[in-house]
Each structure stands twice: as C-alpha cells, then as structure tokens.
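So that you can tell them apart, the chains are marked A, B, C and D in the order they are listed, and the count of residues begins at 1 in each.
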C-alpha cells in the first residue's frame, strides 16, 4: 500500500496542527513592527514585500494542499492564484516578480483575512479522520516553506529600510549583551580523508535537494573554528582588498568595478568610523562579531587575501557533524534568540549552526541520483541548480526547527542581502 | 519702492487664505479614495507616489515661503528638506527620484500631519500685518504648483493601478451621462495670417515660461473644431498605422518597435472588443470620446495618416483666443466636472480648454527674452526647455482656476500617461 | 508641361558630369590615407565605417537615379540594396545600423568597383540626349548627399581613431600656420527687430528642410562676432562649470553625470597640459582656436555661465546675411582649405561660415508649410524633425560648394563628435 | 637542484622548435582564407578579431618568455604590451575587451611582422645552450595557449560571418563525404561504482586546472555511446521544447525568453527546411550529424525532455577512459581532419574525443588542492572558476596534440558559439 495514502493518527494530526499554528503565529508576529506601508516595500527584484510573503505562504497551503485535499474548499480569491504564485510555471505564468511592490490591492487587511481563511481551512482539514500521510508531508513542506519566507521577510525589510535616508529600525532597541562578547583567535579543526556520507534520506523532513544521501570521498582538510570577524575583514579592506584584482575571481572583479562596492553591503563610513545598518537601525560595527552581508565574491577574495580558501559544502557538512556539540541547536544564535544579528563567537566550542549562512566553494548542483518530483512541487528546488553557490548552517534569523546540518541554501555569487558570512578552510599539509 | 515689499491688505490676505484652503482641501479630498498602501505606489520613474505628492506640495510652501518669511518657523522634520525636494539642485541633491516609492516612512499619517503643520504656519503667516506682496506671489506660485500635482496625483495613480491585475478603480462608479454624447464630424476653423501676440505678461498669475509676451508672425492656417475621437483613432489602427514606418517620425518608429506599442497606453483588447483602463476601472472604449493617453509620436503619426499635421503652440494659442466662447471655462470638462475622463464634444462650439492636453508640433523652448529667475525657484521651468514638446489646453483633471489659454505644459514625446489627445491642423490653401 | 520632364541641354549635362566627377573624386581622395582596415571601423552606432560611406553614397545614385532612369541598368549586386540602405524604410528594412562595422564583405576593393560601376552608368546616363531635368535634380541631391557623407566620413574616422591607444593620425602632419593666429576679444553685432524672411526657395539647390521660405518676426538681438575659444572654454571648466548643476539644462546635467564628461570630447589632460585628439593626431590644445566637439548641452551651459545664450537659428540666419562679407565663402575655413580643424578667427570681419557648426537654441522642426515628398526621397530629412537641435554655418570639413547660409544641420543635444562650436548671442537692452 | 633550472638538451631544443614551428604555421594557415578586413571583425564582446588572436598569441611568448629569458630581447612595440594583454591584471589594465575590433592599427601586415619578430627571437632562444627546463615549460604552455586560440579564431570568425547577410564562407567548399554517414541508435555504456582517480599530474603537459589528480567516488551510471543528433534535437523542437518552461532550468528559461532563441544558434528556417550556418557557408542541416552550437541551457533542457541528464565531468572522464579505443585520437574528428564541422558518428565504437565539446553537468571549480601559481601565469585558469560549466572532449576544430581526456574546457551556460554538443547520461537502475 502507498504509505502516502495512510491515514494520520489523531496525535499526528494534533501535533501537525500545533506546529502549523506556531509557525503561522511566528510569521504574523514578525510582521507586527511593520505598518501597511512598510509591508508593501520592494526595494529590488530579488526581494519581495512583506505583504507578498504573508500572502504567498498562504497561497502555498491553498495551492498545494487545500485545493486538492479539502472537499468543498473555496478559494479565497481566484485572482490570488496568479498574484501570489512565485515561480511555479506549471501553475500558469506568475505575476511579474519585479512588480510585486505595486500590488497595493489586496491590502494588508485582506492579506491577513486570507491568512485566516487558510488557517480555518487547514484546521478543518486536520480535523478530518481520513487526513493522509501525503497531506502531512505537504503540510510539513508548507511549514518549512513558510519558515524560509520568515527569514526572507526579515532580510527583505532590512534591505528596503536601508534605502530610506530616515534609517528606520525594525527593532525598537538593539539586541542584548550577547553582542558584547570578544572574539578569540580561531583554531583549525582537522578532518581526515575518507569516503563520507553526505546528504539526508529517510523519514525526517528534509528538502529534496538534500537527497539522496551519497558517498563522497574527501581529502584531509582543516576548517576554522569560527567565522571571520568584522575586525579581520576591515584589515582586508585597509590592506586594499577591494582594489587588488589579483585577489578576486574574474567575475568578482567585474562585479566590484560595476557595483563600486568597497565594503560589506550595509557598512557606511561616518564621522567616528564604520557603521552598519541593521534590523536595529544604524549601529557602530561590532568588530568582534562575524562580518555579515558579504557576497560570495567578497568571501572568496577575503579567503585569497588570507591565504586560505572556502570549504566545499561537503567539507562543511562533514566538519559540522564531527564537531557538533550536544547543545548545538539550543546554543546557536538562531531566530528564537531574538538577536536579529550575528553575535561574537566564544572560544568555547566551534559552532557551525546559526549566526550567519556560510558561503561554501560549492556550486549548487543536484546530488547524484537527484530527481525533482514531476508535479508542480518539483519546481521548488531543482530548477535553480545552476549559477548559484551553496551556503550552509543557517543564520541568526533562521528558526531552530528549520535548520539541519544537511541543509543546502543557495544564492547567486553577487548577492549579499542575506545574513551571509565567511568561514575559512584549507588543505592539510 | 519695490512693489514686492508692499504689505498686503486685510482683504488680500483673506482672499489668499481662502484660496489656499480650497486648494489644500481639494488635494486632501483627491487622496480620499486611496489607502495608505495605494498612496505609496510608484509604478515608474516618471510617476510619483500620491503620498510623495502630498508631502512635496507642502515642502514647497515650507521651503520657498515659511523658512524665509515666517519668524520662528520650525521645520516639521529637517530630513524632509532632502526627502521631498523634487529637482531643485540649488537646495542640495534631491532624494533619488525612482526610489520615491520606497519611502514607507514617513507614513501617510505623518505626511498629513506635515500638511497640517504647514497649514497652521501659513495661516499664521497670512495673519501677520506685514505679510508682503512677495509672499503673495510665492503663495500663488505654491498653489498653482499644488494644482499641477493634483493632476499628477491622478495620472500617477491611474498608471499604478493599471499594473495591478485586479484592475482597481479610483472612482467607485463611472462618470455620468456626459459620456453618452455623440461626436460630430469636425469642422475646420480658419485663422488668417498676421503678426500675433503670444504669451502672457502682467499682474495676473502665469508661469515664467508663458512670458515674455511677444510677437509671432503666423501664416494662415486652419485647425479642427474638436479632438480626434477613439473611433477615428481605431480606423488608423485598423489601417495598419502601427505597422507603417512611413507614417512615423524616425524616433517615433524606434519607440514603437522598442515599446511594442500597438494601441493607446491603456487600451486592452478583450473578448467583446476594446477596453480602456480608466480612473473608473476597465471600461469599454467610448468611440465618441476623444482618444486619450497617446504619445506625441502617436499623435504625429495619426496626423500624417490623416493627411494633416499638429498645430504649433502659437497657432493653437491664437485659435483658442479667436474661437473662445463666453463660457469657455465653465463649459469645459475640467476637474470640477468630476468626470475624470474625456467626454464627447458636442457640435455646438469649438472648445479648446479641458478634456485633454493637446500635443502641439512645438518643442518646448524659451520665449524670446525669457530669463529664469536666479534663485532656486528659477529651476521651476527653465531647465526643462529641451527635448520636450508643448501641450496646451488642460484636461478633464485640470482645475478650472489653474488653466489659461497661454498655459504651456510639456512632456517628452514618448510619454502617454498624462491625459493627452490630438487636435489636427493644416495649412490654408 | 512638367518642367521636370524637360530635357537637359548638352552644356547642362556636361556641367553636371563635371560636378559629379569632382565630388566623387574628392570622396575617393578623402579615403586615400586609410587602409582597408581603417575603412571598416565603426566605433559607435552613430558613426559608420568609411567603407560604408563609400558604398552608401553610390547606392544613393543607383537607387534613386539609375534604377529608374537608365535603361538596362544592371544592379552591381542586388544584395547591396539592403546592405547600403541607411534609413529608407520605403525601400525595405535597412541593414542593422550598429552592425555596419561587421561587413568585412564586400571588401574595399569591391566597394571601389561598385563606385566605378556607378560612375560608368552615370556617365552613360548623362550622355543620353533625353536626360531630364528630374534627373538633374536627383543628381544634385545625390551630390549634396555625397558631400554630407564626406564630412561624416571624416568625423567618423576621427572618432574611431580616438579609441585606439596608438592615437593614429589621419593627416601626416598638422595643418599650416593658419593655426597660429591669435583670437581677439569678440564684439557684439546688433540686429534690429523686424519681420525677416527665413529659408530658401527657388531654383538653386537647397534641401527640402530649408523651405518654404517664410516670414519670421524677430526681436532686436545681438550676436558675437566670433566663436568661443578654447581659452574661454577652459575658464568655464576651471570655474567648475562641469560641477555646477545650475548652469545646465536638466537633461544636460543628467548627461554630464551619466557620461562623466568633464571636458570637450577629444580633450585629454596629460603632463604638460591639455591636448586634443585631432585628424592630425594628438595635439596641444590651441587656446586661440574655437572650442570644438562640444555637445549642445555643453554649449548651453557655457552660455549660461557666460551670462548669455545661444542664438536661435533664425537670429543666426539673419545675422549671417546682414554681416556676410564679399568673400565669405572663399575666406571661410572650409574643406578646401585642408586645415581639417578650426582655426583662430582674425579680428577683421565676422565670419559665420566654416570653422565649426554652430549650435543654435532652435529645435529642428519643419518650417511652416513644409511637406516632405511622398516618395522614398521624402525620408531624407523630414522624419528627423524631433528631438534634435539645429546647427548652422558649416565646418572646416564642409565643402565650399555645399554650404549655404540657409543650411540647416541637426544633431541630438548630447552628440559632440561633429565639428561643433559655440557662438553666443543675447537680447538687446 | 631546481629541475626548472636544468638546461635542455640539444634534442629537446630541436623538438621544441619543431613543435613551435608547426603550431605557428598552423595558426598562420588558418588565417589564410581571410582578408585583412575579415581579420578585424569582432561581432560580440565574447569573441575577438582574428588579427587580435594572431597578435595576442605572439604577445604571450613575448610577455611570459622572451622578456625574461632572452637577453637583449627588444619588444616589437612597447604599446603592444597593453593592446594585446587579454586579461592579466598583474600586467596592468588590459585594453578594453569589447573594443578589440576597433584596432585597425596595427594593421595585419604589422601583426604578421610581430609574429615573425617573435618567431626569430624564439629561434634564437632555443639556440642557446643554457635554455632551461623552465623555458621549455613556458614554451609548451605558450603553444597550448596558441592552440586554444586557433580554435577560438575559427569560432569567432564563424560568428562574425553569421552576422553578414552575404553569408560569407570561410571554406571554399563543404567538407567531404565523412558527412554522409548515418547515425545509429545510441547504446548505453555502463560504468560501475568505485572511487576513481580524476585529473592529471606528472610531467606530460596539462593545464593547471586538470590537477591535482584526486580520488572521486562515483555511483554506478550509464552514458550514451554517441552525441545527440540534429534529428533528435529537431524532435525536441517540434515537441515544443522551447515553449515548455518545465523542461528548463530557471535561468535557462529566462534566457530563452530574453534571447528569443527557438533553435540552435546557427539554424535558420528557410524555404525547403532548416539550414545551418557553418564555416562552409549556409548548408542544409545534416540530420545524422550531432547537434552543435547549443548552450548548456539547451543541452540541459533537451536531456530533461529525453528523460535523461548530462554526465558530470567526472563521469565523462571515467567513461572516456574506460571506453577509449586504441585509435581514439587518430580516428577522432579533430582539426587535422579538416572537416571543420561535426560528422555523423558510426555505430562501430564510442568516441569521446573530437566532433564537439560536450557539456557536462559540472560547474567549473578547482580540484581539491588546486592552487594557481602566484605569478601572472596564475591568472590563466583559476580566476574563471565561477559561474561556468565544464565541457569535455574537444571538437572538430581542436588540434589532435592539444586534447586530452582530462582536459577541462569551460564556458558560461548561455554561450553557444563554440562547437558544443550533447551527450546523455543516466543513473543505473
């Protein structure tokens, strides 16, 4: 029998509902500090308005679950099928991405009504006795999808606010004293050569791009025990890092010249030194904290300057497993810590999770044996496996129950508006 | 004695205040149908958000009048000096024009508070006994400036709404039965050759670009008694007008190919024929109404196809004077008629004012002897006297006490989001 | 009887042939200093390869004359009809303009063979007794067309050579001592108000855009007796002219910022001061010579800085008539002087002809009553009457029998690769 | 002792000189069919003029060898150091790449003189008794570099000629009857799982990007015995392949829409069916020959449509080793066959070398332990290891003594002007 068609138990449904409610409530809460006008901002084609995130995550449940699995489900608004489709060509041509910020209608109120409409329907669905394992799988995908958009919601509003000369702050006050730690010199963690298993299979949720798990032969390598700090990055800058083409990839150098980038994305030099625009507004750069909002090109150039390199995603995954700590997730600077920015790393133990997404030297490609599913959900990940680089580990705004060591994030090498950082690696000698 | 330094009489101040209050109230009222989110929309660099119009018009009074003429005037917010400066380089570099839609802060509420702050200050200023004629002149400029932005506010929201697949309507319902008139065949109005006086001097308000008044020799010409209708324009389209390069100016043909324009800006072909997106939402094209939202290139190509030409701005002005009617202003389809769209023209008498701005064949250039004033206000008009074409007559959304026969509007030849139309002219044989 | 169908006399045909041979020989000679590779250069879409000019001018005779008027004329190559059509849409879609430099075939030799093929055919045509006045008119147009391309050939190769770091020189050695004159302070020439006749009708050759001649009322004005010198322009530069937005038209200022222009097109600052790239290679800027290769935006900004303005094309034409000298054409620095660059103007007498094309403040628009002819030749001038500015007077590379006081040249306001200069004007007080 | 400083034997020097002369003569010969004007063509920034290739390959010997290793070597022209530097930032800013076609000077004659000047100097260098192994290594690099440019010279002139409506042919007549073979259905070649050694170390020449050789674990896979044919590709097209977004990578679909590509780069539909522009001019598409000039996006979409995938570069390399034939190189369709186009593959034995470069699914990244050398030569390959995809196997215009199974070529996924083709692979079930 198809395991997907099995009915869920009462407990399973209750647990699912509980998770659903927690995730949805979190999303709502993240939008709390924002006005209707804030929620409409789209400051570049890569980013989306908060309102759009709120609607699109609901659209996902409606489109992939409710339409098919809840009898007599009534679409909230048939037009939304087009408006809030992100990129699923199987479902018709999506609304023009760079124009998402031009949708003053539906207004925020309607979007929240849409969310509640979907919530009620999901509750009904999970109350049904014949709710199947397939629904559970799609629900879990939908919740992980919504968690991804929680992170995007924050990175996108940060970018949008950074354009405004009034420098609006998302947070009323800067984060607590976790920020005041001092960075210690990094140590090198060694990993011996071997054929390792990479990726993730099995029942626990993971995205399709993390599977199939497979063998990967690795040469011996070493990897830094912490992320590169702002202080270290400033040394690179002061050493003329942005003016020396030999440190850069060819495309990276072209990007520096075209973008005229001379510092990380949100840095500004003002009287009194370097400041960084953050979710808590403009703040002095914390020299002990990890450098953030750098592009892959910057990460790679920094590594060249430092005489090292970035880890591959396979090295990263193996090291993160080998050096994981019992409290990895609970200790990590993830969304639940409510720091909303990277914090200095203590000397205690290496921490691969949280704080910042770490650029790897690996291009985002399918794992051996990867097949995207044939239906519309198959467009989720697979079609992006070109021209992007893999990032690992989650960031200070990633929910704790969303991240995994096998988790593969991916962005284009020039992009820096995510919470991205740098961990160095090297060959063993 | 400098007439500008003379004090205003009590009556003069009362009248000025009254006019001020009427104009400001009208602006507020025009924004009534819009939500905070609507007011933030900027759908192209040429257009501005409604919220920006609301703030910028207040900025104008604050910057050019209150700062200088009201003792102890407190700026509402010093940052606004930069944020809501449109293009006055004398006052520092203005905020990036294409990013006006990214200012979620200040929010709409603050912008209305800004408006009230300025209103209170203007009231105080006009209560002062030593309020001078110079203040009166600047006040009148500020009010005419605000009226210009009333029109832009409407054209900009029309454009923004046109992007949204939900096709939002600014007006709850379409305009009244003035729309149901039938167009009559046009007649040709003759004007004999002579040396005419063009432009406007003297005490009554006019923009600097309408002066100095000066002589202009004109050959005999004839000009159509009404605007070109949608029906006539559709004939042009159906005759292949958009596919025949010989009808177009060279730059116009390049524009057609690049923009892929095949009909007026807001026309859409749907089942059942041609529709036009209007402030009252999507409506069937009214074949008797004048064709609107055409670029200069389209106007010129239509005229070529019809075997005629566009009038020069001088011909237009002379004809409008010669054929003006006693009730020209009160009969015209101007903002106060609340049609918000062009209406069919009756056969009765030619009407040069209202309905649509009429493209002329004249480039926007200074009149002989024109000198822009040396201060920041001098940037108002003069620096745009290049690459644009003159339009005359006002439109269905121009306030009646704002338009004059000598009034020179100007836009780039490819622009069509204003309420623009076509009147034909020809040489006399 | 149609005068166009009258037969030419033997003398008329001989004179036409003589003129034809002189113009064609001149074109050939202008290409003499160039290699086949030089002749293929196209350094921007505005410019064309010399080889293309050589072919296109022959195409003109073939297309508009030989095809229709010479029995049993055999096209040199039917493909050329498409390849060497510049912009005559009536004759089919022309070959892509920005790709003219990609036509290595036909090679230069074939293009010269094409020229000789056309020459032989024209000789045959002019030997026919029934050769009509219509042919004569078209021949004259074709010869004036070729003379226009002689000038473009030189401006285009100058631009192309300017890209090459080897700084190739078109001329073996710089021009003679005409260059060593000293500029005198300019005087102001007065012109009284009146209704003047502008333009050109009648039998002598003129382009259609110079007609009809018509009345134009002019206010009294004054105009400078000579062009602005490099020395004067450098003062403007040193006074921060390129950094002061208030001096510039709005579009001009945008152009300065985008193009990063900080000096005339061909100026380079090197050790030892300012140099200018010329047809004689890189030369020190001659401070007494007129400033050349400036855009309309620069001309207008300079005039603002100087407290003056540019003349209108009508003012220019009237002043040029009133102040013409008996030897205007023979004294002027035109192509036949073989200077290939502007020379200092003596104090003796004002000279409106030659040296540099002079930007006027007039947009290029049709004269009252202008009608382009309905056939393909009608595309020659009329369709460009939008977005361009009029220049007057001819330059140091204009043939003497090509220029007229009524001659209207036209370029876009940002263009500076022609031999363009600045003459100031002002209102009379 | 440093092996690099050892002197070469007389035989070694003779062999090197012989190889040098053969390669240089080949390059000269490849330019034989071209005129000076042909050799100057640059039809897009990705391509370079033939003349530039001729000069730049000489510059390479001059810059990396003669300057340092030949006493009293005189630079042919010091300006060439800048003009013919491709992308070595260590040697100063190279001349603007998109403007290489604007260098009419030096002319072709001078460039050949430059080649001879360098030849004479190399001959002198190789005549010296203390000529070191380091020189030999650099000579070999220089010769392989020149061979790469031989291939580019041909692909670039093919592209340039494709723009010209005259459809010039590089070859006088189409290639011989090798073209008339019939393609057979492909078979699947199996490769078992194992940890394989990839890449190339040791003394035989290879590029730095092929090393270090290293272990790579591979899952079992299968790979097609031949390339995809034009016939098969046409099926994809006729099945709507270019209109079905679900077959394409996300960036690939965006590329299709922007480029409006609907067939391989050089295909044209004319009366009578599909034609392809080739080095032998426009030819009917040979349905039995492999499809060529496809981008990675097209290759990937075709594979999706066919239900397969592209091989990784590691799979390709292992399969090419396992299934190599004794006569692999001599049988392959490489430059020496003088076909200048891909030929149908016989059923006999699989052939991984020649015919077309085969897109792999691997991003171009450094092999584990890769370090670019610190000097200018280090810019040769390493800095391009981002955003490009690996191609393997060489093409019909690759010299036989240039290609290796470990050879890694790389291009951006949208590029199709190289001789690129498609080989399918799949997982073993």
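Assume a contact is a pair of C-beta atoms (placed from the backbone, for glycine too) under 8 Å apart; a residue touches a chain by one contact, two chains touch by 3 or more.
Being a predicted model, the structure only gives us computed values, none of them experimental.
When every chain is reduced to the mean of its CA atoms, the largest separation from subunit D belongs to B. Here the spacing of subunit A and subunit B, counted between their Cα centres, is 47 Å. The distance from the centre of subunit A to the centre of subunit D, with each centre set as the mean of the Cα atoms, comes to 38 Å. The mean-CA centres of subunit A and subunit C are about 60 angstrom from one another, to the nearest whole unit. In subunit B, no residue reaches two or more other chains under the touch definition. Across the assembly, chains come into contact as A-B, A-D, B-C, C-D.
Listed in rising order, the residues of subunit B touching subunit C in the complex are 87, 89-90, 195, 214-219, 245-246, 248-253, 296-297, 300, 361-363, 365-366, 368-369, 379, 383-387, 413, 427. Per the touch definition, subunit C reaches subunit D in the complex via residues 35-38, 40-41, 43, 51, 79, 82-83, 95, 99, 101-108, 160, 163-166, 168.
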